[in-house]
Amino acid sequence: MKKKSIGQFLSGSREASLVIVLIVLLIVVGVINPSFLSFTNIRQIFLNNTLTFLMALGMLCVMLTAGIDISITSTLAFAGMSIGLLQKYNVVHNTFLLFVIGAAIGIFCGFLNGIIIAKGHVAPIICTMGFMYIWRGMAYVISNNNWASGMDVAGFSDFGKDGAPGPYIILVIAYVVFFVMMKWTRFGRKIYAVGSNTEAARVSGINVDRTLASVYTIMGFLAGVAGVLSVSIYASAQPNMQYGKEMDVIAACVIGGVAMSGGRGSVAGTFLGALIIGIISKALPMVNIPNFWQNLIKGVIILAVVILNVVTQRTMEKQNLLRREM
Amino acid sequence: MAGRSGREISAVQKGSIRSKILSWEGALVLILVAVNILGVAISPNYNVENVLREMPRYLAEIFMMFGMGYILVLGDIDISVGALVCLAGTVAVLSSNAGLPFGVAVIICLGVGLLGGMLNGFIATRFTELPTMIVTLGTQIIFRGIAEVLFETWGNGGGTASMTDTKGLMLLATKIGPFPIAFFCVLIVGIIMIVVLAKTTFGRKLYAIGSNKTAAYYAGVKVEKIRFICYSVLGLLAGLCALFLLTATFGSNTTTGQGFEMEVIAMCVFGGIATTGGKGNLIGGFIAAFIIVCLRIALGQRNINTQVILVIIGLMLIISVLVPAISSAISIRKKRAKA
Amino acid sequence: MLLFLKDDADDKIISDNEVSGSVRPLSSEHRERREKVAEDLILELKGITKIFPGVKALNKVHFQLRRGEVHALMGENGAGKSTFIKVITGVHAAEEGQMFLEGQEVHFRGPRDAQDAGIAAVYQHPTSYPTLSVTENIFMGHEDVKTGMIQWRNMNAEAQKLLDSLDADFKPTDEVGALTIAQQQMVEIAKALSTNAKIIILDEPTAALTANESEKLYEIVERLRDEGKSIIFISHRFEDMYRLASRVTVFRDSQYIGTYDVDGISNADLIKAMVGREITDMYPKEDIELGGEIFRVEGMTRTGYFKDVSFDVKAGEIVGLTGLVGAGRTETIESVCGITKPDSGRVFLEGKELTIKEPLDAMKAGIILLPEDRQKQGLILSWGLGRNVTLPIQEELANKGFNNEKKEREIAKERLEEVDTKAVTIFQPASSLSGGNQQKVVVAKALAQSGMKVVIMDEPTKGIDVGAKKEIYEIMGQLAKKGYGIIMISSEMPEIIGMADRIFVMCNGRVSGCLIRSEVTQERILELSMEKGSAGKGGAA
Amino acid sequence: GSSAADTAAPAADAAAPAADAAAPADSSGGGKTYALVTKSAGNPFMERMASGFQEVVEAQGGTVVIQNPEAATPDAQISVIQSLISQGVDSIAVDGNDANALTAVLTEASGKGIKILTLDSDVAPDTRTVYCNQAGVSQIGETLMEAVYDLTGGEGDWAILSATSQATNQNAWIDAMKKLMESDSKYAKLNLVEVAYGDDEPQKSTDQTQALLQNYPDLKVICAPTTVGIAAAAKVLQDQKSSVKLTGLGLPSEMAEYIGEDDAHSCPYMYLWNPIDLGRLAGYTSIALVDGSITGAAGDSFKAGDLGDYTIEEIDGSTQIILGPPFKFDPSNIDEWKTVY
């Protein structure tokens, strides 16, 4: 067989075209501000976007089942605020225990989503919209207008300190676990199956309801952990933590090639998508664009990336058709 | 003419008054009544005058509810409208401050809304592979981004701009009896939008697209043209929303319209319009909008923590969408018990 | 709702549906044989009743499957065949009845249980995962797992073996969504084979296949039978049954009618058992005076799909368009009707050139298309039948943009009855109809359109029972008689030969020949559709 | 300056519930309802302010309504104020989210005879009677500029990390600092390299701080006149062990971790006023407005309990009451204050 052309390589693998987008982005930013490519800076991209990276994995699972979860940052705030308050009022200070508690809260929130979506046949966007209001509201209610501040979370914040290994370790473990789970375990493939064709999955004996419920529970778990991490990294807990950032997570997945209609998407793509989002937010203040232009440019880049991808896919398909003999 | 086998197919609809009352819209009317009774019971200040006085700010959102209903029936979603309200309002304020007469500012406000909607529609129909959620997420950031740039360049310093000549706005904010003008505008727009969706071929096509886009296309429905129109209409209504919001704020800033998209979607969903498309009607959305508004007003007058109000609305949303599932589960259980 | 037999059924072939618990033998010879193999029943169902909201889909039906036999299950559309197999595989829970597997009574709580018990099924509507690879489709639910890890390499190799045995022309790593319907069907079959099931159920596997591919499938089924597997085969095609089955069970109107030896029953009797009346002259093709040319397509090209396709239709003529699956017939017709954009090509109607940019242009000009995929393209499944029928014409009926519901209902009722749809009201959702009846709704929808001049039917009889088929042929005949031009795309050789005045054969995106009625033979068609050597190579780039 | 500058300087004991202020003899607030509308829920600064307000009004026998809008937007404040109008409260003290957006609703409220005053963040002057200002704008500008001067050693690069671009107060303070730099030759060698906006979000503030460090290697000082921004910046600098120093306006409880002279701490000192006292001042002012002892005209004076006597002044063309100069928090007093607010 003759070797694949670059065009075929690109159309064959969504990740490949993302890598190119990424490289172009890095080159442009790197030329404008060479210090962008420094080790510290790249390390900080991961640290500052740990939450996006982490939650994008859960969103990948949810979106693979053709669902969506817009309650994640509310869950994050509720879990984060809870463990912040536990420290503020000197109930718990053990880092590990705090993670366990945060994760448990997240699992609870996620499970509620899952059970209502799976058993109640409620559209995911609606159910999670309800919980978006509920958990955010609850974060405010329990905080009673207080924050947990740097002083309250003193020892705990060392875990997520700039330069501490904690967040990176969590990220690496999460990505490795999910990479293996999604590709090499039955559970992972079930998620794909449910999203690809729910009816078929049901008929071939996959417990669709259970799969759906677990997917949202996983999402909740990651959101809970992200809440704990957020408190650690920013050394504070506020009820409006990460407000509106669920859209960043969704955008990361979509840029990374996860189809909102379900059944298509990969851990590698998700990683690249989150990385692109991280680079955009890290680079904008560094390339001397006036502050007021930053949002506009961020929006244009996101839209441009997704549209560009559609255009390349279309061109590649056309190329393939031309090659067909008649 | 019966078929070859003599089989007759009934064409008589069985709907009765009873089933109408038992429908979701019927339930919504009851809930609306209940909410108002609750309001009167918990707050001594809950009366027609006060409710109508507090309403205009919410009325502005209801305009968009109608447009969003169309988009949801299509099976699409538009989360950029909150930002579009901000952009339209901002441009209107700045152009008025630049010396244009109020009438022109009004047209500009609606025009910017329309253009924004058309941009959404253009991208959504040109790149049909993209989920509309991501398209409108992009334009959401862009619309607000443009507004920020405008504030910086022509605003009152920082991210805010206020209208210097407020005569026109005052006029729009006047009341006819206890009713604000916005109330009548909502009614008129609402009736038009409801009738178009329920009674016309255009409305039927929306349901067709929302239920099965491919089949609709094969049946000669101009799918992309209709989607484009719906996005444009929603944009125009966002302009209208911006205009009436201006009568309450006399200006705009970077947070204007924040979260409106979700509130509007919540109204639609609570009114029985499914986000999966092809289901629900605007009468439900219309009643649901007033339920939410009245509830907010009533609880607000009792000085209930604003965040608790959000929790209550979230719960209402979830329970309302669970109702069909719960009732069918109960009826199945009943049937089983009988068998 | 039951349809009562008006003509008294011949007692010799139609059992009277008593609940006797066993099958009425056909002759003393058979009775002996039956007793001999009675212990060798691998599957037996007794008194199965299944009720859907408003419909009794199965009413106390029986069924016996012997070890190592191919057993055909036949019946009208909506008779309950698909429902029956879903009861067997545990997808639906029956309200009443017992099921015995190798003599043991079993209760399946879900499809999983059936799989574990060695029953595999290929369902009527494809249950594939379009975004996943062929391998995954085949092994979903029973992956090769070692210490929790899926063994992709083994599975790919295993899948390749299965595909080889099916003579498939695609790779295990291909994405199923990009395959043609026939290829997807093969994946489904491979899936059933991969489970090593004792009982394999095939629900209308040949509906989407041409003669060639069907032949391949026959060989596979025969091989499986020889390996000792028991097979239930549902089909509306008589060739399938004659070729494969040793016995046939007939359902009609949710009822069990009888089980017969294929050798011992005549075609006419079987038809009578199935539809409750006699059908003579399957292809009611009248010789009518053909008018002048009404429709012509010239030089249609769409890169990668078809090239330089030209054909023409005369008034009153039925033109057949055939070829192997994937020859590009559907794509060509879709471009003609404005659904996809051709790169080049011209369309003439009654001598005038048309510009068709979108489906509506074609419809307005009088070119009506019955799409191939009724569930995705033809119907809005969640809608009532009536609304489906009047969707394309609602604008014509409307009064200043407002829907004329009354008129719509009248028309819908009329058209649905005209094609004899098996439905209770025009308000019931299209999803509640059986496949064949759904097809009838699509036909009704086309008939409702006034001002039609050319009717294009893409696989109009796919999955339709004999009775309904004949009705559709009759409708075609009537339309032709009225002077319309008719284009019928079909993969079924007998019907295309039976009905068409002229046949255009397509091969690999081009028209490879045109045959007139008098010179048509099955062999000629096959020859043309396989012209230029290896067909079906187009897909692999 | 303020007429009560010395009393306004916080003393630790004043923050303890001032029981003595609750002299029942003075029941001027009795039977009336006084409302406070904060910027948003979930903010400890607002919480402290509200507690001061509540304490004073309740001590005077009045009824308190504290309303925290669901979001930090003028839209949300409008809803809340509309509701207060319906309830017929006697006065509304507002911490405005936008200078002009509340004009219509506040005018309506005044029309219904409700006394309107502002605190912390002002609105359009003709829509309220008086503004309880924590400190004069130029005063804050001077204080912060002086701190920057001190920390840079009089020359070099410095940057500002602000809240959102439309934050009224921050913009006014930044303007005051810029004007001072231009007019006073003392600051000639200081170079303001950038005003960055962290939108009062920890994540964005972190990104912006890191970008400042990377873009300006010679940066010496960051000044963050916002409580969220300063805490995020303090953490970034301290975690990175950066030599860049930080000052600005911050809550002692949020900043205690980062305040210290040595290199291990990122913020040698910073400023703020006492939000509890600000709330109390607004409480006294509300009561005085409602009982008619002041009208809000310049020159009116009244006794604000143990805060002392205040006179309404005409500053920058509008009527204000100034609480006092900002208070400096440094390692010597931070431990005492971090538990108070």
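Lettered A, B, C and D in written order, each chain numbered from 1.
By our rule, a contact is a pair of C-beta atoms (placed from the backbone, for glycine too) under 8 Å apart; a residue touches a chain by one contact, two chains touch by 3 or more.
On a predicted model such as this, the values are computed, not experimentally measured, just so you know.
Interface comparison, A-C versus B-D: the higher number of contacting C-beta pairs is recorded for B-D. Centre to centre, using the average C-alpha position, subunit B and subunit C are separated by 44 Å.
Each chain gets a centre from the mean of its Cα atoms; for subunit B and subunit D, those two points are 38 Å apart. Computed from the mean C-alpha positions, the centre of subunit A lies at a distance of 29 Å from the centre of subunit B. Counting partners per residue, subunit D has 41-42, 68, 165 as the residues that reach two or more other chains. Multi-chain contact residues of subunit B (touching two or more other chains) are listed as 148, 151-152, 305, 307, 309-310. Across the assembly, subunit C contributes no residue that touches 2 or more other chains.
Two chains count as a pair here when they touch; such pairs are A-B, A-C, A-D, B-C, B-D. If you check the complex, the residues on subunit B that touch subunit C are 1-5, 7-14, 199-202, 204, 207-208, 211-212, 214-222, 278, 339. Chain contact summary for the complex, subunit D toward subunit B: residues 41-42, 65, 67-76, 78-80, 82-83, 85-88, 97-105, 164-168, 171, 175. Per the touch definition, subunit A reaches subunit B in the complex via residues 68, 116, 119-123, 125-127, 129-134, 136-138, 140-141, 239, 247, 250-251, 254, 259-261, 290-300, 302-303, 306-307, 310, 313. Residue ranges of subunit C in contact with subunit B, taken from their complex: 3, 95, 339, 358-360, 363, 369, 371, 376-383, 385-387, 391-392, 394-395, 398, 401-403, 409-410, 412-414, 416-427, 445, 471. Residues 180, 183-186, 189, 192-193, 195-197, 199-206, 259, 262-264, 318, 320-326 of subunit A are the ones that touch subunit C when the two sit in their complex.
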